[in-house]
Amino acid sequence: MEFLLQQLVNGITLGGVYALVALGYTMVYGIIQLINFAHGEIYAAGGYMGVILISWLFSQGFPPAVCLGAALVLAMGYCAMLAMAVEKVAYKPLRQSSRLSVLLSALGMSIFLQNGLMLTQGVYDRAYPTEMVQGGFEFGGAVVSWMQVIIVGVTVLLLVALNLLVFKTRIGKAMRATAQDKTMSALVGINSNRIISLTFAIGAGLAAAAGIMVGLYYGSVRYDMGFVPGVKAFSAAVLGGIGNITGAMLGGLIIGMIEVLAAGYISSEYKDVFAFVILIAVLYFMPTGIMGENVDDTRV
Amino acid sequence: MKRALYLISMLLLASFVAVGCGGEKKEDKKAEAPKAGLKIGSLGPLTGQYAADGNDIKNGVLAAIEVMNPEMGALGPVTLQAEDDACDPRQAVAAANKLINEKVTAVIGAYCSSATIPASEPLIAAKIFMITPASTNEKVTERGMPYMYRTCGRDDDQSKAAVKFMAEQLKAKAIYIVDDKTTYSQGLADNVEKLAPGANLKVLGHEHVNQGDKDYSAVLTKVKAAKPDVFYVSLQNSASAAPMLIQIARMGIKTKILAQDAVYHPQLMELAKKDAEGVFLTFGYTDKETPAYKKFAEAYKKFGEPGAYSAYSYDSTVAYLKAVKAAGSTDPEKVKAELAKLEFDGASKKIKYKENGDSGSNYVIQVVKDGKFTNYWNPETGELFK
Amino acid sequence: MTIRASKLWLGYGLAMVWFYFLLWPLMGIKPEGLEFQTSLAVWGKVAAASAVLLALYQLKQGGAFRFLEKPAQAGAEALAAVTGRVPTWLALCVVAGAAVAFPFLTERYAHDVAISVLVYIILGLGLNVVVGLAGLLDLGYIAFFGVGAYTYALMSVHFGLSFWLCLPISGCFAAIAGCIIGYPTLRMRGDYLAIVTLGFGEIVRIVINNWMSLTNGPNGILGIKAPGAYWFNKGSFEHIWLNNLEQLYFVILGLAVFTIVAVYRLNYSRIGRAFEAVREDQTAAELMGVNTLRLKLLAYALGAVFGGLAGTFFAARMKFVSPESFTFIESAMVLAMVVLGGMGSIPGVILGSLALIALPEVFRGFELYRMFVFGGVMAVMMLFRPRGLWPAKRMGVRSEEKD
């Protein structure tokens, strides 16, 4: 029981991170039907910005809580700017081209950004000041660290904020309209370019938050850290039904849980196999994911 | 306006390329200045997941060249051609062929055993010396390759030292093993598992994690439940070991931890901080007080702290250059004869290559104490270091 | 200055400011304090270079280079007229001649790169059947390459079977793997397909990495035999191993030519047309009596066969296989070749493979900047030629062009 409880705690933490990254994939996909390969790199950039800002603010003598909060906000802003730039440079000119061309451009940007991070930040891991958040508490025999609490807390907070933004505000309405039909929404006066930019920015902000929390949790960041979570989060987005925000959250949580439980009870070396097999099985019976809508037949 | 923005962003990309070219040219000039002389190559992952270790190797070679250059006389000056293999067998072979084309006479590298083995085929066939400072897999030297040498130790020796330490010094009864599925880390872990029953150690479990994973919580929960006396951690490098140590501490696992030589890197303490304290590791014995080590440390200073394989790569280069100097030429047969005779005090250990190219292992147990790697126990004598 | 030009420069200024905001935090914020020098130096270089390029572009738009453009255009037209008159067979002969003469004119490093390029041409053409012809996005194609490589490696090491015998065997195994992957994906479309194939690719790699008793896990398999051949020597035939890079070059050249011919014939066959019908509009194709499910399976199997062939050669050429060669990024590379070259176009895929394998080797001189430049170039190439370097000629109007 203790064992299960501990694994569940681990799974929720991991799932929360996947969910935050998966949201970026799903939002971008929902609006321009692009698998944004560069998203994992935005997440890595967020991790780096976090460590850069935290160590600078810390050296200026701010208290830890202020450092953390300010770094979180600033890094989210930075990544939003970065993602908007990437969108302008690499995706927008290709909006009329075939979707695979954009996919390839995204792949190129991913390699470009990853190596850009390597060139400016070096090949060595960068240490996070893990001593800022220490300790934890016991809960029914399972150890829960404060860092895990923060991860889950910030994730929930951001998810609630995102839901409010998308479903309760005018901007959110515009985003949903653009995702449904770009031409029609443009006709009723929505600036679709601006909405697309905004979508990229929001997705990137969430990824940046995930990057910082992962850095604090695991103690370090590296320029290629975006790749593995990127693939996992993409799977999560598809599992939940790509294009669907609630689906992405659910998908992230499920993938995180499967991984941890498979590693805990079956075999740690085949845990990714289990994650993918379940993904394939779900898609076989629900070809559009758990919460996805029917995709137009003619799309390739 | 839109068009303009688009255009500019394009230009930005193009200019990045231009900047890249600019940087490149400058380096070229530096490299071209000394004409002729001796050219050696280095092979290692300069990009990708293990880029840090690859750069350590390259820097070790550079330091050695700087030290040896004044001594080389008419044979010099020595220049380096550093190639990237990204730890990918295909790229390693391509890089090896490139080095053959560039007419290098020796290659220091590679890092991953899975890159060293395929790259050695064309190199040895072209009669180019290959001295690996880091590939500890037994097969590297056991294929009867005439020009293949190894400066670091071997996995089988290292696992013996580890098992001996756990049984005799730590008086452990039950151990738990984790590796991250590379030729190196799994090879070591498997050896330990095989040797453990002979030393009355019970293996409670042997788990594998995937490379690139940072979340070990599921495996660690299992370890915690199993309550071993010693937790044997075999990971490919320090960057993956640091998050492991942090999570071990966070989980409240209090067992002793034994790691291996790949984890030896100053960044371990930088990343894991106080969570690295008290971790044991097997590592080739290096006396940091010898003149040879101090000379190395001096030459290496400008690259930062030496990593796990910096001293080995330095010694590999020095050994080759000494042999060339003694032979008076780069003729492979003469150099091979000299390498067989060669014996000197290297930075890492006493260098003496055996018939098959191995240089022997001298693993000791180190411990992380006050943020520093300190020698702890000598398996040869079974005694603690003072 | 015209309004347009000033807008252009305004945009330039904005972009540069934006760029500096992105660059400075990465380079300038340090615990020791804020620093502007290094980031400004890099920024200055980039700004200057892009200003020059922008100015050149403006001059070109303004017609300042017309004196250059006119003769260049005339030359290009003349060249096109000449090449247009050259019969296709002659052009093909020239290409074939160049390919045969290549190893005699170059050094071993070039041979090595050429062999890699040819391997990837086969892979690219195989994936082209799946993506270009049948329109099924596949992100796990490298799995078939792995299946082929491991099939030959195991057959060679355990049973001592020869390379030539193993070629068809590996092809069959890969085709079976293709069907296994294809079957559950038949009902899925578009990007769901992408993630499922990606998942399969990863599953194959993880299984190879973990199935110690069969594949020796991460240690890989050593001691694979090179292809053998009988060669006329001193009045009698004798058996030799084709270890030499030049000999291997001709083996892979032969395989590549076989692949090119096969894919070319497939393109214009009934099946090829059916593939295109499925790609363009599955519902319509089904109405016309095309069995779409069977065709999709066939596309996967056919694509996989070529992957298997390439894998067999890869194992024989490296004499060593390990799971590191079959990662997701390799799948992405092969896909990049197909898209960059031009989907569905054989010369395009060949060009794409050449670009993506040869470029990183050309960029080796950049050292650390290698992959950085490569990624940038990849994105830029896509921006300039979104339909690929050598797009396939297609008839009629397509659905994706309409929207």
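Per-chain numbering from 1; labels A, B and C assigned in written order.
One rule holds in what follows: a residue touches a chain if its C-beta (ideal position, glycine included) is under 8 Å from a C-beta of that chain, and two chains touch if they have at least 3 such contacts.
Every value quoted in this text rests on a predicted model; they were computed, and no experiment measured them.
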Pair of chains joined by more contacts [C-beta pairs], A-B or A-C: A-C
Message: As a test of understanding: of all chains, whose mean C-alpha position lies farthest from that of subunit C?
response: B
Field: subunit B-subunit C separation of Cα centroids, rounded to whole Å
entry: 33
Whole-Å separation of chain centres (CA-atom averages), subunit A against subunit C: 29
Subunit A-subunit B separation of Cα centroids, rounded to whole Å: 34
Subunit A: positions in contact with at least two other chains: 85, 89, 93, 112, 115, 118, 269, 272
Statement: Expected list for subunit B, residues touching two or more other chains, is 5, 9-10, 12-13, 46-47, 181, 208, 210
Query: Listing for subunit C: what residues touch at least two other chains?
result: 19, 206, 209-210, 368-369, 371-372, 376-377, 379-380, 383
Message: Using the touch definition from the top, list the residues of subunit C that touch subunit A in their complex.
response: 18-19, 21-23, 25-27, 29-32, 34, 131, 135, 137, 184, 187-192, 194-196, 198-200, 202-203, 206-207, 209-210, 279, 281-283, 328, 332, 335-336, 339-340, 343, 368-369, 371-372, 374-383, 386-388, 399-400
- line: Residue positions on subunit A within touch of subunit C in the complex are 29, 33, 35, 37, 48-49, 52-53, 55-56, 58-59, 78, 81-82, 85, 89-90, 93-94, 97-98, 100-105, 107-121, 231, 234-235, 238, 242, 269-270, 272-273, 276-277, 279-280, 283-284, 287-289, 295, 297-300
- request: Show which residues of subunit B lie in contact with subunit C when the two form their complex.
  value: 1, 4-5, 7-24, 27-28, 46-47, 82-84, 87-90, 93-95, 97-98, 100-101, 112-114, 117-118, 121-122, 137, 139, 143, 181-183, 186-187, 208, 210
Message: Residue numbers of subunit C touching subunit B in their complex, please.
response: 7-12, 14-16, 19, 42, 45-46, 49-50, 53-54, 57, 107-109, 111-113, 116, 206, 209-210, 217-220, 222, 245, 314, 318-322, 324-325, 361, 364-373, 376-377, 379-380, 383
Message: For the complex, give me every residue of subunit A touching subunit B.
response: 2-3, 6-7, 10, 13-14, 85, 88-89, 92-93, 112, 115, 118, 123-125, 127, 130-131, 136, 143, 145, 147, 214, 218-220, 222, 224-225, 227-228, 259-261, 263-264, 268-269, 271-272
